[in-house]
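To keep things simple, chains are lettered A, B, C, D and E as they appear, and every chain counts its residues starting from 1.
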Amino acid sequence: MLNLKGITKTFDSGTEALSATTFTLSDGEFVSLVGPSGCGKSTLLRIVAGLSQPSAGEIATSSEMEDLRIGFVFQEPTLMPWSTVFENVALPLQLVNGSPNTDDVDRITTVLQWVGLEEFQNAYPRELSGGMRMRASIARSLVLQPDLLLLDEPFAALDEFTRAQLNEDLLHLWEEQKWTAIFVTHSIREAAFLSNRVLVMSPRPGRVIADIAVPFKYPRQPSLRNDHAYTDFCASVSQRLATSLPGANQ
Amino acid sequence: DSSFATDQITFGTDWRAQAEHGGFYQALALGFYDDAGIDVTIRQGGPQVNHSQLLAAGRLDFGMSPNSFLPINFAFQEIPVVAVAAMFQKDPAVLIAHASRGHQTLSNLKTEKIMISPETRIGFWRFLKVRYGFTDNQIAPYTFNVAPFLADATSVQQGYLTSEPFVIDEAGIEPSVFLLADSGYASYAAVIQTSQRMIDSNPDLVQRFVDASIRGWYSFLYTDPAPAYALIKRDNADMTDELLNYGHEMLRRYGLVDSGDAALNGIGIMTEARWRAFFDVMAEDNVYPADLDFTKAYTLRFIGKRVGMDAVLRGAD
Amino acid sequence: MKTSARLILPLLFGFVLLSLWEALVGFYEIPPYILPSPRDIGESLWVDGPSLLAALAITLQVTVAAMILACVTGVGIAVLLVQSKLLERMLFPYAVFLQVTPIVTIAPFIIIWVDSVFVVLLILAWMAAVFPIISNTLLGLKSADRNLHDLFKLYSASRSQTLRRLLIPAALPYFLGGLRISGGLALIGTVVAEMVAGTSGESSGLASRLLEASYRLELARALACFVLLSITGYGIYAVLNWVSNRLLRHWHESALDDPSHA
Amino acid sequence: MKTSARLILPLLFGFVLLSLWEALVGFYEIPPYILPSPRDIGESLWVDGPSLLAALAITLQVTVAAMILACVTGVGIAVLLVQSKLLERMLFPYAVFLQVTPIVTIAPFIIIWVDSVFVVLLILAWMAAVFPIISNTLLGLKSADRNLHDLFKLYSASRSQTLRRLLIPAALPYFLGGLRISGGLALIGTVVAEMVAGTSGESSGLASRLLEASYRLELARALACFVLLSITGYGIYAVLNWVSNRLLRHWHESALDDPSHA
Amino acid sequence: MLNLKGITKTFDSGTEALSATTFTLSDGEFVSLVGPSGCGKSTLLRIVAGLSQPSAGEIATSSEMEDLRIGFVFQEPTLMPWSTVFENVALPLQLVNGSPNTDDVDRITTVLQWVGLEEFQNAYPRELSGGMRMRASIARSLVLQPDLLLLDEPFAALDEFTRAQLNEDLLHLWEEQKWTAIFVTHSIREAAFLSNRVLVMSPRPGRVIADIAVPFKYPRQPSLRNDHAYTDFCASVSQRLATSLPGANQ
């Protein structure tokens, strides 16, 4: 559905964030993006979403890309401070459908339950903890059934259990709804557990330096996490990532 | 002839309602305008109010100019508004000094700091420059408030005969007052103006308004002025009887309204000679080009008819 | 801080100031026509109070109407200007014109075309009040968070949706700040407009009382008018401040508790 | 957008407006003493331009001085007020007094105590200009991020450190917004002050030209003065806007590129 | 050095964040705090730092607590947007010492190098990636040698390698400077690798429900991460945390 060719991004400040990044994304794929801090992952997601223009390169999209519904969990929660959690989560529905009907309210309640915020639906963002804010943002990205879901380290601020739980829930949802996803994470284990493919990026200026297919079949069970093959696979991705780092030859 | 419909007109005065407008308010109060078939609304002026522009634009039917400058300004700008009668033969404009300074004549003030408003600077100040050699660097700001004058015993300020001397006196300072009209300042005051269109289309209305106003002035000066006072106080809530009485007294004592030409030909009279005398001084200071046809500023056709004189002379006896 | 201290201390401070003034006037024997003592002013307030309040009421009608009008049009204009840099560059100079044109000299042009004195006053007071609302609201509309802008862009929000759900809430603190400035300007604009329009008779507002008191050297009364104007201005400010705090208390820093007491 | 379009379109728009005005005046045969046509105004600008500009220069001296004074004192007062809620409640009413007192009626009191006309004008223009700076700066000082407040508290930052390193930078966008409002107010405040108190010596500012023109019914010249005032006001605004963008461009949303072009 | 007794915090909104939390912190200890999202960890740190007042309970401190130097890495980067990275990092020095001298500049450069931001010292916060902002905040907390260091998920936004590297560097620094630390993290492995003790908190309203001593001696080597005892220890802490969760009995 998406074909990035030689995407380069140089900011006005002179920082070259991406250099000739190329990759392809097929319909319904769940792709993880890993790479060192500051390598251009967020920048790449923004370019894919059309929120930022590449300095060079091309994005080719399949024909129906025009009215593609994109869900985006930004790296920061990006909630409207003047609205309650409920209103924040309701926003995409309202922007697309106008005022929310009862079905919509059900949907909002469902996603809020899913991220464990139903008790806080009337709280304002500043009354939430860091992890709760991030969960509100995740809920918002899922309230509209997206065609393409971009997730920028959505679970970084969550504890291991909530995180594992949400990983599994996300996989179920994906199997059910079959959207396409790009998932930025610093956890290789998470990437391996969730995705079809793991893209490894080089340090800044970022580029995809490895495109590794994940050899485990869906549906994946939580037990996969204790599988030796899984641990080995994670280690190999980790290895691949490590060799790209500046201190790699030591 | 009560057959004609009542004409509705608006008349704009040159200041907030005070004794200087007494004749007009008297005419209104005693029904002289009604008798003439005119329904008059008086709109009071003020320091920030620009009535001449409204007169030019036809928003006011009649206006009152405080001096002879405005009518000539209209002529100079070729605006078809003309003066039809001058209620005051003498301009009540004065300079006021502290009596303690012992100034005897106007020319004594030539070296003093004088508080002058921006309007006056392009008004009678010009006369003082030409005739008495006053200079611009004598000017200090005047804000229509006498406190700065009271605070500074060396100061001199502009004023109106009928008002500031009273206020200053009340504050416990003795003023010495110099009436410019007595020193050769030839400006008329309380000049009624209207548009040329009004004169052309309804000269009868103009005549009736002028006549009724003149009657009002005779009545105000020589019979009980109380009806006018009442209306003045309605328009200007803070006006007092004391000040009105003082103004009334000054109008009479100095013959502002009915001395000179008016004693002969009745209130409202204007003459070409007076206009010329005024104009020549101003042309000398290049306020106006010397070749300006100042006679376009006024018309003499509505005055000199001795309206109301007999009644008053009878009443006054 | 206790409620009592919150009320009493400012009053006490005012009292001390007034006493000082009274003492100075007494000590230097400053005559009342140069600087009236607080006692004179108080007396004038007591004696003329009712009639001055009646005049103030008339002035306030125009002020309030002008503020409402300034709100609506100011926000409208700011919203229009924020649509594009080009539009802003094209139209903003005319907004500046509103601000820098002296009421005194523009008044006749308006009186020529408008019959009703109330409307004339309204227009002039509006001219005095509208610019801070335009300027501050425009600043606020431009200060909306970039990340939230991205969010709205992502969902292809329409202009009007972005406006209603993002720009206007983000501009609210700035708008309310502009409004608090405009409140006083509307009041003083009305007073000046009353001076200019030469209103007379029973329906004249505080301006004519103030002018006359000043000519007549009844300075105590003039200052009584200032006091009334100041109290009214502060009242408007306080009301707007209260509204502002209610509207913003859930989210904006300025409406939260004092940071030093958090 | 090309630079040419950015300049040409606003000019074109202005041209269209003026043409419309010219056409209306021509069509309805409105005489110049009711509403001068743009051509009349242009002529007056051409003929009287040099002398009007000289008068404007005098006015501008006061305006600029008043703005500088308003900046310094306005920020100072806002900083004082933000020190405590109590102080704000105690002193703010007096700031409102500055805003709602009509120049026309306060002028005599100042003239009594101050000799120099320049200083009188300066004080009056300052009174007109200072309030938006106080009010907006105060709002800005209160809008500093709570988390940053915590950071400063953590390091036991002194009041003055918190002020310099946190509150003032955070208030900067609001202060600059207030300044842009004050610019016009200082200008018009100067003009009004000149009208009321500005007669002295040879060096009189634009107000006396404006008064003279309107007194002598030279409306084209009066409007030429308006045009000059508006251009000057816009110029002040534009300069302040530019300064604002320079100071804020690294961090504040309002000074970043248009979000719709990001 | 610090003795918290029965600390309770109820916000104005009515949310009870902490309920009778009690624990002790000795001089030079490195304590980790783990617990589910929203359980009150950040609230607790803010109370310890004196940035928030408890609704009930007592904090007793040793006598020299008065002029204790506290370093705090907030959960969000909390940088001054109007200052460059360098200026942001220099802030604590300036607040304490006045204008920075050359020694100070060296110190700033050192910490910037340590977090890998020396190249970006003149960049403004908005020109940084999420992880870079967090690193700037970490650098700032260390530029003054603190007596008490409070870290609220400092490494959550960083990739595994940077994170591991910074873990080790932090340990070295601690061994060298011997400050006391409270370290909030969602990574039990990280907690176990770094600290003397791991405090486990219950879900909201939070309370310390377990205080587990870490049985590994300092200096800890990176190789510890592959140690079986380590893995087992992590699993046991994980277990303890899991039993406290709402879904624990399933």
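We adopt the following convention: contacts are C-beta pairs under 8 Å (C-beta built on N, C-alpha and C of every residue); 3 or more make two chains touch, one makes a residue touch a chain.
What you see is a predicted model; the values in this text were computed from it and never measured.
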_Tell me the fewest steps from chain D to chain E, where a step is a jump to a chain it touches._
1
*asked:* What pair of chains is linked by the largest number of C-beta pairs in contact?
replied: C-D
*If we define chain centres by averaging CA atoms, which chain lands farthest from chain E? Would you check?*
B
_Whole-Å gap between the CA centroids of chain A and chain D_ = 49
*Euclidean distance of C-alpha centroids - chain B vs chain E, Å*: 86
*Compute the distance, rounded to whole Å, between the mean C-alpha positions of chain A and chain E.*
26
_Rounded Å distance between chain B and chain C, as computed from the means of their C-alpha atoms_ = 38
*In chain E, which residues are in touch with two or more of the other chains?*
51, 76
*What parts of chain D, by residue number, touch at least two of the other chains?*
34, 104, 108-109, 112, 145, 150, 195, 207, 211, 214, 252, 262
*Considering chain B alone, which of its residues make contact with at least two other chains?*
47-48, 50, 53, 57, 145, 147, 151
*Residues on chain E engaged by chain A in the complex (per definition of touch)*: 11, 13, 15, 34-38, 41-43, 75-76, 123, 127-132, 135, 152-153, 156-163, 186-188, 238, 241-242, 245
*Name, in rising order, each residue of chain C that touches chain B in their complex.*
31, 33-34, 51, 104-105, 107-109, 111-112, 192, 195-198, 200-202, 204, 208-209, 211-219, 221
_Looking at the complex, which residues from chain C come into contact with chain A?_
145, 147-148, 150-157, 161, 165-166, 169-170, 172, 250-252
*asked:* Under the stated contact criterion, what part of chain C meets chain D in this complex?
replied: 1, 5-6, 9-10, 13-14, 34-35, 85-86, 89-90, 92-93, 96-97, 99-102, 104-106, 108-109, 112, 131-132, 135-136, 139, 142-146, 149-150, 173-174, 177-178, 180-181, 184-185, 187-188, 191-192, 195, 207, 210-211, 214, 222, 225-226, 229-234, 237, 252-254, 256, 258-259, 262
*Write out the stretch or stretches of chain B touching chain C in their complex.*
12, 16-17, 43-51, 53-54, 57, 59, 144-147, 150-151, 163, 167, 170-172, 234-240, 243
